[in-house]
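First chain written, first letter: the chains are A, B, C, D, E and F, and each begins at residue 1.
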Amino acid sequence: MPDVVSFGEVMVRLAPPLFRRIEQARSFDVEIGGAELNTAVGLVRLGRSVEWVGALPANPLGESVRNRAREVGVGTTHVKFSTEGRCGLYFLEFGAAPRAGSILYDRAGSSFALSKPGDFDWPAIFAGVRWFHVTGITPALSAGCAASTLEALKAAHDGGLGTSLDLNYRSKLWGIAEAGRTLGELLPHVDLLIASTADAEQLFGIVGSNFAEVAKQFHGRFGVQHVAGVVRETPLVWRNRFGAVGYSAGAFHETVTYEVEIVDRLGAGDAFAAGVIHGLLDGDFAKGLHYGAALGALKHTVPGDLPLVALDEVEAVLAGQGLRIRR
Amino acid sequence: MPDVVSFGEVMVRLAPPLFRRIEQARSFDVEIGGAELNTAVGLVRLGRSVEWVGALPANPLGESVRNRAREVGVGTTHVKFSTEGRCGLYFLEFGAAPRAGSILYDRAGSSFALSKPGDFDWPAIFAGVRWFHVTGITPALSAGCAASTLEALKAAHDGGLGTSLDLNYRSKLWGIAEAGRTLGELLPHVDLLIASTADAEQLFGIVGSNFAEVAKQFHGRFGVQHVAGVVRETPLVWRNRFGAVGYSAGAFHETVTYEVEIVDRLGAGDAFAAGVIHGLLDGDFAKGLHYGAALGALKHTVPGDLPLVALDEVEAVLAGQGLRIRR
Amino acid sequence: MPDVVSFGEVMVRLAPPLFRRIEQARSFDVEIGGAELNTAVGLVRLGRSVEWVGALPANPLGESVRNRAREVGVGTTHVKFSTEGRCGLYFLEFGAAPRAGSILYDRAGSSFALSKPGDFDWPAIFAGVRWFHVTGITPALSAGCAASTLEALKAAHDGGLGTSLDLNYRSKLWGIAEAGRTLGELLPHVDLLIASTADAEQLFGIVGSNFAEVAKQFHGRFGVQHVAGVVRETPLVWRNRFGAVGYSAGAFHETVTYEVEIVDRLGAGDAFAAGVIHGLLDGDFAKGLHYGAALGALKHTVPGDLPLVALDEVEAVLAGQGLRIRR
Amino acid sequence: MPDVVSFGEVMVRLAPPLFRRIEQARSFDVEIGGAELNTAVGLVRLGRSVEWVGALPANPLGESVRNRAREVGVGTTHVKFSTEGRCGLYFLEFGAAPRAGSILYDRAGSSFALSKPGDFDWPAIFAGVRWFHVTGITPALSAGCAASTLEALKAAHDGGLGTSLDLNYRSKLWGIAEAGRTLGELLPHVDLLIASTADAEQLFGIVGSNFAEVAKQFHGRFGVQHVAGVVRETPLVWRNRFGAVGYSAGAFHETVTYEVEIVDRLGAGDAFAAGVIHGLLDGDFAKGLHYGAALGALKHTVPGDLPLVALDEVEAVLAGQGLRIRR
Amino acid sequence: MPDVVSFGEVMVRLAPPLFRRIEQARSFDVEIGGAELNTAVGLVRLGRSVEWVGALPANPLGESVRNRAREVGVGTTHVKFSTEGRCGLYFLEFGAAPRAGSILYDRAGSSFALSKPGDFDWPAIFAGVRWFHVTGITPALSAGCAASTLEALKAAHDGGLGTSLDLNYRSKLWGIAEAGRTLGELLPHVDLLIASTADAEQLFGIVGSNFAEVAKQFHGRFGVQHVAGVVRETPLVWRNRFGAVGYSAGAFHETVTYEVEIVDRLGAGDAFAAGVIHGLLDGDFAKGLHYGAALGALKHTVPGDLPLVALDEVEAVLAGQGLRIRR
Amino acid sequence: MPDVVSFGEVMVRLAPPLFRRIEQARSFDVEIGGAELNTAVGLVRLGRSVEWVGALPANPLGESVRNRAREVGVGTTHVKFSTEGRCGLYFLEFGAAPRAGSILYDRAGSSFALSKPGDFDWPAIFAGVRWFHVTGITPALSAGCAASTLEALKAAHDGGLGTSLDLNYRSKLWGIAEAGRTLGELLPHVDLLIASTADAEQLFGIVGSNFAEVAKQFHGRFGVQHVAGVVRETPLVWRNRFGAVGYSAGAFHETVTYEVEIVDRLGAGDAFAAGVIHGLLDGDFAKGLHYGAALGALKHTVPGDLPLVALDEVEAVLAGQGLRIRR
């Protein structure tokens, strides 16, 4: 039985290599990505067993998504293969200052977006599981997905699992009002919230002079136990600074800020979430924040959305190991 | 003003290189393809000026389709860019005996499928034009597309343009009954029909002991002047034999059969159509059949769906030039 | 609990792309391969659950072998990760007539070759399992591997599992005398033997005027129930003919011979073995022979050693489906 | 009728990928480039219609240059295809500090260099056109090209078109004395001059304590209305700072300096020229300078010589949009 | 001191991969090739030491040609690096039936074509050497090259070296009359002539009912001792039949005809020449013919122009080894 | 006769492209590398003639290593091809902050490691040679290699050649005690020592407050004439600072520190060694230090381990040339 279950869409990602633009592309590199799978992979890397739950079309694209999740050790027993809908896709263009990278989503009508409550047998899925993770992208995909998310979070929370929600507000998927209302219904079932202060303000009108104050309001209003967020500075596209802040049990925590050279920045926040959950599974929020920041920083160095990093690499970063080649 | 206008969807085609299967793909080669554009390119290669009319999403994928059509000299003045719908895609796996190649379509919800009568100003588009070409794929995409196809064919025929329809029945897109009914309404407005005897039978119940007998019935029932079809033998996947037959003005014609080594078999039938139209623009159906068979045979040797072949190469094949390297 | 367990070495395969020779290689394509894993994958494709048992070094190469087995749905629970030994490699050059393809092995000192009896807990591994498969390559790798093979075959046979051995004599690994003696000790524990008449003669001095006579002698001398073998004709390197023969319960069987266009011929015999085992799991040797021949033929069309073919593709070949593109 | 016409050579560019040196190249990436085409593409991106005029060999290389210009929406109606001469080529090696990038030209004997006055029908080409652009590279290629340049500039200027010349002195093509004399004859027909202070001094002995003083002398001596130039700092090879200065109607203008991460620095100056011309077509030199600096900065982020940037991206840079990924 | 010296131009070869046409090329694969170097490499593979003499530009392209010759063990001591002229190039498109492959030469103005008598110190070059080889391409490149060829052949012949000339008439380089006259002046200094009957007729009016009769006339008219030629049948582009005929000392010889699957047919004739010279260095023309045919057949299986084949592979072909994978 | 001989193992290097991790690799880029060959190539680039001495397996991998050494102009006359042992390999993962690059060696059992005294005829190899170079890696590979190293250094030193040793302590190959003892026996035969202060301390207990003090102790204890070392700062993975220090004849020298953008940092230290030896061959240690630092800095910009840099590029860096593109 897995330690953790996550729930969300995984898409095939298509990106022109070598900084080519989509209009220049004569080939696309193929990766897979989805916030909840990314987090699942991070947890596997940190030593946890994880099942990813989602829906995919019963065709070679859907099968290849399942296979690649399986390749990196994520369980896929409960993934639903459907003859309805298509495989969600997204196209990625890498950027360089002064041009930011950009994403073109092509996920409408996916098998996952067509899924609905009842498609997933949550009691069976959660048997023996300790933690459930989801992001704010899943309820944004369709009414069915929103209902499933609420169904799952309730089942998990009521079943004694720890639960986490990464807000991840995406303006291309839904409006602020709808997002705030839908996500607000989820929050009472959430133990760990990952959020930015910007999302806190625009979705819930929660404002504070610092992260702790914002977190306290989430605690007060929704009963959220732990709140965490990443700190990212973007002076350039190929180089960022990355760290984390968090608030739990009345205490504010923050990590060092890592200088990161960016091979692929996607999934860094999801990797961070994996670290925090990892810590909480050990009952140690502060540890989780530090592991999350290090895993998130390391994620920037790996092509694709998945944090394909070894535990000893995370710990080397935490130990301040230098940058000379290891041989 | 162009000689020819064609109307239909163009998709982005994604194919794993080097005979990899989709599940093995770590990259996809990117081409574009669509039956009516393929024919348009063939006509450009034979020296005609051609406009392709269609609809594309107003995003980098849609723009790249337009650009690649433009690259090979096809006019795109009347292409409609839409903020609705997505870019049609298809995934291609190359085969090898005893496994046939296969295509996975992902074209539902495309901007083209969402188009409808009135989106295209046919009188303006047809001003000064001599020929209009469409295939049976276009009306299969949606009711709107079917209505546009009829609208266009009527406008063309009534306006004195020659018209051609390549039946191209695709069972994944619609049923036989609907296809037969819809295509049957188009046929009275068609001068040149490209069809297989199999499609003739299943769509219209037209049976004959040979191609000429089938063609005569199309003439008798729908008033079609010219009927042409390809002859393909597939003893292997990498090697086929390819030729053509046709019937016009009471006479049956057939071409030599070419032995083809197959780099990419897609679009060969569309290239054939270009040859036939080319001949008819010169008032010479037999010439068209021969040029079409040669252009179609040559298409098999070119990666992608487009017949990127030079006129002198077509004529070298017609002249029976050998296969020694040209230097 | 899996249906089938197989036991053997899996190597990383490095091959220059596009028919380049090793001395021309500026890159190698990376695949994995090993006879017993190849067969395991074939069985998964036919719908069986399979565990592959072996040993790998605890480094990124070893992990990637495990991951890629996992990707295609093979269980790896019992794979032993070792800090001793290296990852077996082999280098492949594709050929073209009149030059055959060739393999350069670099597997000495591998973690698997260093494994020995006791490294694998066969009773636990075989719990609930119906079939055990191994090839003559495994005992050829080292004395430890030979002892493990005997240990495993005995445990399986005694435990009521069906067992299969594919002789696969490799002259680069050991001499005929040693091979004959070692393999001869295994045969009494074998239900299904896959062998060529050439191996039968050189290893055991078994000669017959046809395959059935050879098979009868294996039955008489070693008690083997079922004997099967592939039929391959190699008029060219890119095109072979491939079929199978077998003998079981007093009856000789043979399949049609498939014309195959060769993308990658490695693993075809292993795919054949999967088909035969699949049939025997259903109690139907003849079915197994036909599925094996079809799966083996299809394997030639897939890059890499693994038979990444769908069950419906196997059945399409068995049904004599043609070679036109499927769309 | 196009807004703008530019005139100059376009070459095929061959560059080893991934920072390989020419001696290491086992493949070359293929792009096209030429200062005047680069500027034409920039203008198309900013919304102008543009024709590029030049000469190419009537072979697949020449045709592919024409096709790729056509692909990005530049008109090629007046391009001359010639059976004389070859296709100009250049080989590019990307650099990294402390090694600068470098270019190896192989353009001698090109069809363009063999062209001469009379090859281009300027009155017909300029009908309805508002602006003509050329660089100092064109007259450097041959006496025939120099004569054509003068012929064209005169025809444009006399015909009421705005005209621009980017000095672009290239010491590998001609000496300072000849360049100064030839370019000096062109300047009286030029409205907008793009020049560096270094070129001003070495070609014309024009020295000033700042850009405005230099510009005033160009105005005084040759009657040039507008003078503009780029500002580039090169602390590293992969990171530069890029901005612009200009002088027009008695006023000095300068832009912000952009920090640029360099994917491909070629064509940045040509993109800048497009921006300035774009502004002047709107009668607004300052706007042109700002658009030029932003477009030039963005060009560094795109592989190849062409500024494949969208107008909204230029305006996002001008608006100071940050570098977070757009999704 | 080398056994053999060859003299001729070596070019950089640029070919789009994967059967793409030049107009589709986004990359070119880079090889080197030149008839006389190809033969030199063949001789090295057969165990001879060889120097290739030619001229190259003193730039990275020229250096890379020299380096790649050096890589495969050909001596380059006497190669002249020149600051005049460019590096000869050629562009290759692979074909597929019914479209032949084709070559676009871009070699005008090369450093080699600009070379002239006196540039090479033949007495020093030939010291201790046993054989000199050249083809009819070298004198076709320029008057200087023709004079150098005559100078070299005379010096070799007079110095007691064996000499060989492969006629290799190329109509794109010169006319029949000039070729016949120039090559006719070389023939009195030639011991081994490699020629087709077609070239014999069109260049020298030598006609015969079979190869032996043609060869006898070369012997009678020019004193040529040995005449050899390849036999090639081209039913398809990807599959040819290849063998050889020869006449020496009053005897006619012919080899078996090999069925070849073609990866890259360029250089097969040059490889054949290497075999014949190899035999004559052992005083055995018939052996040379057989080695040449086998080496030439094998050349078709290797990418690039160079016969990168091992001696044991040649001998395996001569011994009739089959096409099963070697492992 | 060469100026310099170096002695050591050369391996095939396999690296996933584009920052992929080994577990993500679907292809490996193939380079060769070995400290002593890297230095040999640097010396060739600076104008010296060099022989590299080593051992390789008699198979295509071994031959390709020899060929690529030959390609860049290094002599390979004395390389021993052996039927024993395999080709040493190493796998490289490129890093990005905060993850360092890393190397996975797979060199056990190589033909070179199996070599022993007597395999190389040092008197013949050293005839006419001026300098011998080796590193501390060679004796670490096996007892046989250690003995050969001592044998060679003694023969060289006694024969009047200058000698150099780059300590290059590799903890994965041997322990500190064994390394200190073995290397200590070599030092009396060494003229130029390249070492870091860290290695000086851990291997020999030599500590000093600065490089000069350390160097003096090497001089005093072992009679080493010249001591040099690189200075490297690693604030990031893609950007380092690189310079050198040295001590000779009582004087301390240091170079400027270069800001380097890193394409491939491997072999920079070996390139530095080439510069120092180059200077000493001219009797000028300070020159050597400066050339070494510049060559080492430039090495970072070249893919692979070999310093494929031109002498004029080294001198441009020494002259402080800027970073604008050279055209």
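Note that in this section a contact is a pair of C-beta atoms (placed from the backbone, for glycine too) under 8 Å apart; a residue touches a chain by one contact, two chains touch by 3 or more.
It should be emphasised that the depicted structure is a prediction, and the values quoted were computed from it without experimental measurement.
Traced through touching neighbours, the fewest hops from chain B to chain F number 2.
In terms of the stated touch criterion, the partners common to chain B and chain E are C, D, listed by label.
One finds 45 Å separating the Cα centroids of chain A and chain F. For chain F, residues that reach two or more other chains under the stated contact definition are 17-18, 21, 23, 26, 67. All chain pairs that touch, listed by label, are A-B, A-C, A-D, A-F, B-C, B-D, B-E, C-E, C-F, D-E, D-F, E-F.
Those residues of chain F whose C-beta lies close enough to touch chain E in the complex are 67-68, 70-73. Within the complex, the chain C residues that touch chain F are 14, 17, 21-23, 25-30, 59-61, 63-64, 67, 86-87, 89, 91, 93, 104, 106, 108-109. Every residue of chain D that touches chain A in the complex is listed here, in rising order: 17-18, 258-263, 294, 297-298, 300-304, 308-309, 313, 317, 321-327. Per the touch definition, chain D reaches chain F in the complex via residues 18-21, 23-24, 95-103, 105, 170, 172, 232, 234-238, 265-266.
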